[in-house]
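Each of the next two complexes has subunit A plus one other chain: subunit B in the first, subunit C in the second.
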Partner chain A sequence: MLKRLFLSDYLVLWLCVVYFIALIPFTPGFASWSNLQTILAYLLPLLVVALGLTLVLIIGGIDLSVTSTIALASVVGGKIMSSEAGWLAGSAVAVPVGIAAMLLVGVMMGVVNGFAVTQCRIPAFIATLTTMMFVSGLAIWFTQSQKIGGLPAGFVALGQKLWLATAIAAGATWLAHYVLARTLFGRWLYAIGHNSRAALVSGIPVQRVAFAAYVLAGLFAGLSSILFTAGLETGNPEMARDNLLDVAGAVVIGGTSLYGGKGRIIGTVFGVLFLALVDNSLNLLGLNFYTVTMVKGGVILGAALLDALRNKLLIS
Partner chain B sequence: MIEFQNIEKGFFGVKVLKGVSFAVKPGQTVGIVGENGAGKSTLMNILGGNLPPDSGHMLLGGKPYAPKSPRDAERARVAFIHQELNLFGNLSIAENIFIQNFPRRRTWSPFVAGPQIEERTRRLLAEVQLNRSPATPVEQLSAGEQQLVEIAKALALDAQLIIFDEPTTSLTSRETERLFAIMARLRERGIAMLYISHSLGHVQQLCDEIVVLRDGQVVGTGSKETLPLERMISLMVGREITQLFPRRETRPAPEIALEVKSVSQPGVARNISFQLRRGEVLGLSGLMGSGRSELARILFGLDPCASGEIVLNGESLAGLSPRERIRRGLAFLTEDRRAEGLCLEAAIADNITMVSLPQYSRGWTRAVDRNACRSVVAKMREAVGLTASARDEQPVKTLSGGNQQKVVLAKWLLNQPKVFILDEPTRGIDVGAKHEVYRLINELAGHGAGVLMISSELEELTGMCDRILVMRRGEIRDEIRPDEFDRERILRAALHDGSLV
Partner chain C sequence: MAAVLAALCLVGCGKKAENPSGDQSKQLTIGVAFETLQTEYWVAGFEAIKAELKKRNLNVVEAIADGDANRQLQQIRTFVTRKVDGIVLVPKDSKTCIPAIKAANEANIPIVLFNRPAAESPGVKSTAVVADNRKLSRETVEFMIEQARKTGKKHKAMLIMGDLGDINAIGRKDGFYDAVKGQESVVEVVAEVPSEWNQEKARAGVVNALQASPDISFIFSSSDFLFPSVVAALKSANKYHKMGDPGHVVLGGFDGDATAYQMLVDGYLDATGVQDVYFEAEQSVQALLDSLAKKEVPAVILDPGFVIHQGNLAEKKSRMWGANVGKK
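Coming up: the complex of A and B.
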């Protein structure tokens, strides 16, 4: 029984449940309705960006620039929509244009990464590391390090109205799941991750598919930026700055392999949930930022060890 | 020297070894033959400390031997020469030989003793008759020379037992002879050897005793006198294979399926022209490095060609990617099925549908029709005779080599190719699977496809082909028709006459 549970695909979900129940007695307000809403609001934008990262990890790639993309999209959206200094301040089309621009920033970043990796043959780690650095700097330079407030109410609702944010994230999750599990494109992503040379010999358009995976990662980052920016009501050039490795860790905890070929969207959902629970509980315990980071590192390591043990058991 | 006593081992509840017992005496060379999946690799993994047996014992030199890791095996002076050589291409010969335990100036010192290493390497290389400087990077050596380095490494361990796993697959015939001469000397020194191979002729030539494994059991032992070739094969397969090469009832049609017109690529291929007719099996012979595989890659669009034309069913393939060539009916079974033929970690079903999947995806989202896939996978598994014990979702890497090759064939046959290029289709697979591959090739030709078959095994080419082209140094040197099939003539064209050999 215990072994069955341990080997189940839903192990991370069970871990979440166990962790949640175990910490209720020690953590005042952990299970309160308002705190659960806080947890949800925290995890939704992270989940959306994690979806795109999952796709890229499945082809055996990596995208370090997703969180910088969130920051850039955030300030671009702010610059367009803000009622204080926005280019389209007060205009009726400000919100749709702003949203479109934020998604476009994501797509453009994906195009740059995809081009660098598939056409210029730069290793994904280096290509996306450099775009990450460049874009982080660009976002700060663009706003002279200022935050942009005064976003229109219609936009802010996307993040502040929790049901709306949940619906957006759920839609994105379903879409990613459908693409990955049901479509030809999804199968090709796995094939490339398993063995890109065999995929090429089998007539799979490896470069185009890999390119599309990076574009999708950028698009999801843009969407995530909308949720982030609306939720915090500001365009912030340092948005999501500390979240990159959290997100990557969550995806890996969710069962996606860094070597490619393995991973499922449902796993990523559980991984992000686990991360959100850990983060929230540690904050409630009143630990400072550095302690939270340390403990989070330890917890992620523990989860990774558990997963390694599980794989070993699965083989034997 | 080594004695196996009732070794048993199972995976996923399936018994792979069912009580294997036999012994090797000092200075004896014992051949182990058997189909893929007969349990040879598992037995060797147990011997090498990679796997523990479920039950049974091993005795090494009369003492109990239970290695827990490859390191343990080495300490017990048991050495392996693997089919895929385990050398570091970027390191020198000397570094490779002493990689596990560099001699130090003092036992506690972290500094390696350079001159001593070089001296010892020189002596070891002399023993295996490899005339190279110890400082040569291993990647500059040919496959045969690398094998000699492996043997030198075994000698450096002062091995008392050396296991050779398919050592001749990537060797030229001259290198093979040299290897056998060295093995004979090792035997005189009293080193016991286990020799695993699908080349039954070599086993007969080399071994004092032959052990035949089938389905995890020893089904026969004997010397080369008591176990002639036919007897060995029927023991391995468990039934009589009356004819290894099945007869093809159909003849080639007059229509041309593939025409190659003076294809050239500097350093690889020079002025290659031939025609492949529908229903024809055309053999392509030549030594390793003669340009056979390189030509196949050019035909399939994986490598560029500087000039010339390739015409498939009347349509020029110039500038088309492999993907577009596949769509027009080309198929290519690559020489290295692990690196380029299969996604080893992926499921059998996903590998089988890998090429044809676009045909089974529907609507604007290109959603995969999973029911159609399931039934078509079942159909292909049946068609290629894949083992029934494997589930569709099982990773391909869990299959034996022969069954893996059947998965590659299934993947291409599902796309109903008009021209099928096969590069070493039976490399490293057992007699039963070979027979099956031959049957499938005949069937495909019978349906009017053209088959271009590259092989290092002359018997296979002469047994299967309507014509044989012989390549040497990127050129076609000879074309041999069925009534003139002659091993010697093929070899002569492949090797050139005289000076170079």
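Coming up: the complex of A and C.
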């Protein structure tokens, strides 16, 4: 029974459950309704950006620019919608135009990354590292380091009404899952990740599929930016700047391989949930900052080791 | 893994029992949330607040957001879940903290912003304890001008600015110009270096300014943490000399960190405006307690700070947080 659980695809989910139950007696308010809402509000934007990263990792690529894309989309949306200094301040179309522009920024960044990787043959790490640097600088230059407040209530509701944010994130998750698990395109992504040369020989349009994966990653980053920006009521050129490793860590903990060819959206959901649970519980425990940082690193390492051990057992 | 966490939790829970009051039911708990602990100033502020809470026999729960506004919002909501009695917050910035303040307001938990005020927002209530950046900078630069006047010559001046998206940096810049206005016979401003609170940018800017105007002899840095960059640039231009030396550049700063303290002790720094971290910590905790006692608390409490220089170093150093860094 234990072995079956250990070898299950849902190992990370079981880890979440065990972790949650084990800490309830020691962590005041951990299982309270308001805390569960807090955990959900925290993980939704991270989950959406992680979805796109999962698709890119499955083809054996990487996108380091997703968090910079979030920042750029955040300030572009803010500049359009803000009642303080927005280009469409007070206009009825400010919110739909702002949302469309944020998604478009994401798509454009995906196009740039996809073009650099598939057409210019620049290694994905270098291509997305440079776009990350460029876009971070662009977002700061664009706003001169200023944060943009005064966002319309209709937009802010997208991040602050939990049912609405949950619906958006759930829709994105279902879409990513459907694309990956139920479409030919999804199977092509796995094939490219396993062996891109073999995929090419098999007639898969490798370059076009890889390009589309980067565009989708950009689109999800744009959508995530909407949740981040609405949740914090601010267009921020530093939005999500320090979240890249959290997101990548969650995807890998969820079972997606950094070498490509392996990963599932449900695994990413569990990975993000696990990280959010750890973060939240450590806050509630009242440990000091230095302990929290070390414990968080240790817990994530423990989860990664368990997953590696599980994979080894599965192969043997 | 969960067992290890549970054990750690027991250690954490054990701390409460050590509280000298012996009466846990009456003890208030204060959440202290800082955006970062990456500079000496924030560490000193964090320790000062915790010491103040301990002195008043209050429990403390802490959270550091590591520069992540979304995490900071979650941490404040977590404090609400824990039903803390008050919150001291160093926000990521003046705008992204608004939802966090709203969360505290909705739970009727008083919240004090330490050293960084929030932007105006309808219906959002908080108290900010902040340094009077403009006044303290003006007083520091006025002292520097008096030192410059004593040399009997006219000085060319450089201002090193912070991130102009930061209201504190703007206050310090304005204070500098308040002081030099009308003092053109002593000080002529020839260079403004935008540092964006980045040491590398500050160093490159100071080097460029010294190349363009090699006779600059008066420098005000908007933060002491940029002094290593200033000193390196001055040394490479052979302009770093002690006070009293004919080649001495009149130097002033803001914050009162450990580097500035050492430069004062060594005789290189004329003056720095000290943010009185201990005053700010005391006022933050007092404001929370006053709020809980339903007393009227102002929206902004100003820390007047003080100018420290060679003449009052011995007298004032005990309240200069940089002089106490590393001491236990």
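Rule of thumb we're sticking to: the second predicted complex is superposed on the first by the 309 of 316 C-alpha atoms of A that agree within 3 Å, B and C clash if a C-alpha of one lies under 4 Å from a C-alpha of the other, contacts with A are read in each partner's own complex, and residues count from 1 in each chain.
Everything below uses one rule, namely that a contact is a pair of C-beta atoms (placed from the backbone, for glycine too) under 8 Å apart; a residue touches a chain by one contact, two chains touch by 3 or more.
The structure presented is a predicted model; accordingly, all values stated were derived computationally and were not measured.
Peer 1: For A:G60, is the partner it touches subunit B (first), subunit C (second), both, or none of the two (neither)?
Peer 2: neither
Peer 1: Which partner chains sit in contact with A:V299 here, subunit B, subunit C, both or neither? Use first/second/both/neither.
Peer 2: second
Peer 1: For A:G222, decide between first (touching subunit B), second (touching subunit C), both and neither.
Peer 2: A:G222 sits against neither subunit B nor subunit C.
Peer 1: Of the partners subunit B and subunit C, which touch A:N195 in the superposed model: first, second, both, neither?
Peer 2: Touch status of A:N195: first partner only.
Peer 1: Between subunit B and subunit C, pick out the one touching the greater number of residues of subunit A.
Peer 2: Residues of subunit A touched, subunit B against subunit C: more for C.
Peer 1: Which residues of subunit C touch subunit A in the complex?
Peer 2: 1-6, 8-10, 12-13, 37, 61-64, 66-71, 73-75, 77-78, 80-83, 93-96, 98-99, 119, 121, 163-166, 196
Peer 1: Please give the residue numbers of subunit A that touch subunit B in the complex, ascending.
Peer 2: Touch residues, subunit A against subunit B: 178, 182-188, 190-191, 194-195, 197-205, 261-262.
Peer 1: If you look only at subunit A, which of its residues touch subunit C in the complex?
Peer 2: 15, 18-19, 21-23, 25-29, 32, 34-35, 38-39, 41-42, 45, 143-149, 160, 228, 231-234, 236, 238-243, 279-281, 283-289, 291-292, 295, 298-299, 302-303
Peer 1: Inside the complex, what are the residues of subunit B that reach subunit A?
Peer 2: Listed in rising order, the residues of subunit B that touch subunit A are 300, 302, 322-323, 326-327, 332, 334, 339-346, 350, 354-355, 357-358, 361, 365-368, 411.
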